[in-house]
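Presented sequentially are two complexes of subunit A, the first with subunit B as partner and the second with subunit C.
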Partner chain A sequence: MLSLYQVKKTYLGGSRALDTLDLSIGPGEIVGLFGENGAGKTTLMKCVLGLLRYSGVITLDEEPITPKNIARLSFATCEHSYFPALSAAAHRDFYRSMFPNFREKRFAALMEFFELPTRKAIRGFSTGQKNQFEVILALSQGADYILMDEPFAGNDIFNREDFYKVLLGILEPHETILLSTHLVEEVQHFIGRAVLLHKGKVVGDVTTSQLEDEGRTLMEYVKETYRYQADRVSRALDQLTQEEE
Partner chain B sequence: MKPYLTALTPAARLTVWKALAIALAVAGLSAWRFTAAFPQLIEAGDGSGLRELVQTAGFHQIFGAGLVALCGVLALPGTERGAKTGYTLRRLPVEERVLTTLWGVQNTLVLLFYWASQIAVFLALAGWYLQSAPADTVTRQTLVLACYQTEFLHSLLPMADWPVLVRNVLGCAMLGMSAAAVPLHWRHGRKAFSALPLALASALAFPVPLDSLIPTLLQLAIVLAALLLILYGIWRWHVDET
Partner chain C sequence: MKPDLSRLYPLGWPWQRELRYTGLALGFAALYAFFRFVFPMQKAINQLYQLQGQKRVLIPGAVVPPFPTLYQGAAAGFVLVALCLILLPIFHYRWHYQGSRSIYLMRRLPRRWELGRRCLAGPALELVCTALCALAMLLLCFLWYWLFTPAGHLPEDVWAGIGGLLC
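Entry: the complex of A and B
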């Protein structure tokens, strides 16, 4: 269980990215993390991974996250975290020696599925290939909790759909995914739970089965939670044109 | 210790071949300049021999350029060009400060190799010179005298001049640690540019004449202070980490 209790993060400039946030994610869950830009999605993941300092408590099976258990977490980010000058094969060797649970078969299968070259430096990959490789590393590390921050930015729709299918096919029951994305409609059939952030706080937390029972779509839930005003564009345009007159 | 050694492999993979290439390029350029200047010196009948040849060939300048290039190559891995490699490095089951210090030690070894390779190149060229120069211009003392009389050669091969020897070793440690510290600070979003200015200053201040104990000790103190400051910068808690 990945647990966050009263987690606060304030950046040096004074802006509060996470505001007394509580969240628990159990083993085997596939959680979508949604929110507008600046809602705190990336900050949350970076705090979990220890990439940012924070106040509050973050635990993994009731243990603090330290170099001893950090290998149980993996991270795929649209900023990319691989070594650009190394090839995929060199990454495989590195991960194999660094992470004892590295899933070599999964790595090879995913590399083959996406037809990625193994001997070419990653910096020579296309943007889509780089994203694919980033996710392949995160999935192959052998982590129990796989954190993904906008991993498909720059990938076309076919690539993304393929990936969701592959993910659902390969994940083992204990593997947990925390996926931050703006692609609400696209991932609604892939995730089992949606967590909505706003100004660093959890403002919505629902399972997709709950939504199904209520006969609502994820997008409707998101719009309701954020009190989305469907007419705000037309009102703004009206106001602008009146000002010009 | 094994995780740390494994964590260092990407940096080693990215730097060792480049360091070898730089050492070879510097060796090749030195040899080419040395052999090109040799006939001119013989034709001119200049009796100053090996010392003059080393100066005409620009050994110091070539060595210095190689040193600066090498420090640049050592500082580049982990500076996050094209990807946030720090996210991976900081997720490894290793302590980042210890890893950076070991990275500095690895860089120091590369720099010591560079120094040793340039000694080997010089000795090989000097050996060729002793065989090729007219017999009346060389003696058994030619090599030793050249090392005593030429500031650059004296610093390259200080022999019994312990302060210069210690300064060189500590200088390699300072540059190596600096090249490891720069990417660490960059990964944390801090500004750090010490590696290249230090490399430039080291290249310029490298030659010291014989019997210059006070300036050498002064350099030694500066190098030691810089090394300690770099280590302090690696190990202290920074504002962005609190």
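Entry: the complex of A and C
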């Protein structure tokens, strides 16, 4: 269980990215993390991984996250965390040496599925291939909790669809995914739970089965939670056209 | 067989090029030290002689300056190389921000010191090599000083003023 209690993060300059945030994610869950830009999605993940200082408590199975258990967490980010000058094979060797549970077979299978070259430096990959490789590394590390921060930014729709399918196919029951994305409608059939952030706080937390029971779509839930004003655009357009007249 | 030192450097860092440049810099530093020593040394030896007719004869009681006086400033090239090497870990660290944020991976490794090791180990090794080269050069020049100074014309304390060697 990955647990965050009263987690606060304030950046230099005083902007609060996380505001007394509480969240628990159990093994085997596939959680979508949603929120507008600046809601705190990336900050949350970086705090979990120890990449940012924070106040509050973050634990993994009741234990603080230290180098002892950090290998149980992996991270795929749209900023990319691979080494551009290295080949996929060199990354595999490095991960193998660093992470004792590195999934060699999964790595090879995913590389083959996405037809990525193993001997070419990653800097020579297309944007889509780079994203795919970033996710492949996160999935192959052998982690129990896989954190993904908008990993498909720049990938085309077919590519993303492929990935969701592959993910669902390869994940083992204990593997947990925390996926931050703006693609609400696209991932609604892939995730089992949605967590909505706003100004560093959890403003919505629902399972997709709950939504199904209530006969609502994830998008409806999201719009409702954020009090989305459907007539916002038409009002703005009206105002603009009136000004022109 | 060439040793694989890649484990001492950041992943993907062109460490062979770094070693090549360091070697080149050490070569220039050694040449600088040698010539910076040899010219004053030659001058000091010439000053031990006087002309008697057409013959050069040694001046009785004349001595060459102590070795550190002649070697003064000769190690400046090595000092410069060492200063550059001290700054090198900054570039190694910055490497993890180029083209991606591989720093995220390095900072979440189970081996806590891996990032520090890969930033520091290479420059540390090169610093040791620099120190050894500087020492070897010092010994070579001292040997030159010892062998080429005519017998009986060395000062009483050949190491007098050793503190000024690096200045």
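One rule holds for everything that comes next: the second predicted complex is superposed on the first by the 242 of 245 C-alpha atoms of A that agree within 3 Å, B and C clash if a C-alpha of one lies under 4 Å from a C-alpha of the other, contacts with A are read in each partner's own complex, and residues count from 1 in each chain.
Note that contacts are C-beta pairs under 8 Å (C-beta built on N, C-alpha and C of every residue); 3 or more make two chains touch, one makes a residue touch a chain.
Please read all numbers here as calculations on a predicted model, not as lab measurements.
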| Clash or fit (per the criteria above) of subunit B with subunit C on subunit A | clash
| said: Quick one: is A:56 in contact with subunit B, with subunit C, with both, or with neither? Answer first, second, both or neither. | reply: neither
| message | Just checking: does A:28 make contact with subunit B only, subunit C only, both, or neither of them? Give me first, second, both or neither. | response | neither
| task | Figure out whether A:38 sits in contact with subunit B (first) or subunit C (second), or with both, or with neither. | result | neither
| task | Using the superposition on chain A described above, determine whether A:86 touches subunit B (first), subunit C (second), both, or neither. | result | both
| query | Should A:12 be classified as contacting the first partner (subunit B), the second (subunit C), both, or neither? | reply | first
| note | Clashing segment of subunit B (vs subunit C; choices 19-27, 37-45 or 127-135) is 19-27
| task | Could you give the residue numbers on subunit A that contact subunit B in one complex and subunit C in the other? | result | 49-51, 67-68, 70-71, 73, 75, 77, 79-86, 90, 94, 98, 123
| request: Mind listing the subunit A positions that touch subunit B in their complex? | output: 12, 49-51, 53, 67-68, 70-71, 73-75, 77, 79-86, 90, 93-94, 97-98, 122-123
| subunit C partner contacts - residues on subunit A that touch it in the complex | 49-51, 67-68, 70-71, 73, 75, 77, 79-86, 90, 94, 98-99, 123
| field | Contact set on subunit B toward subunit A in their complex | value | 2-3, 6-7, 9-10, 13-14, 77, 81-88, 90-95, 239-242
| Within the complex, which stretch of subunit C touches subunit A? | 11-13, 98-105, 107-112, 114
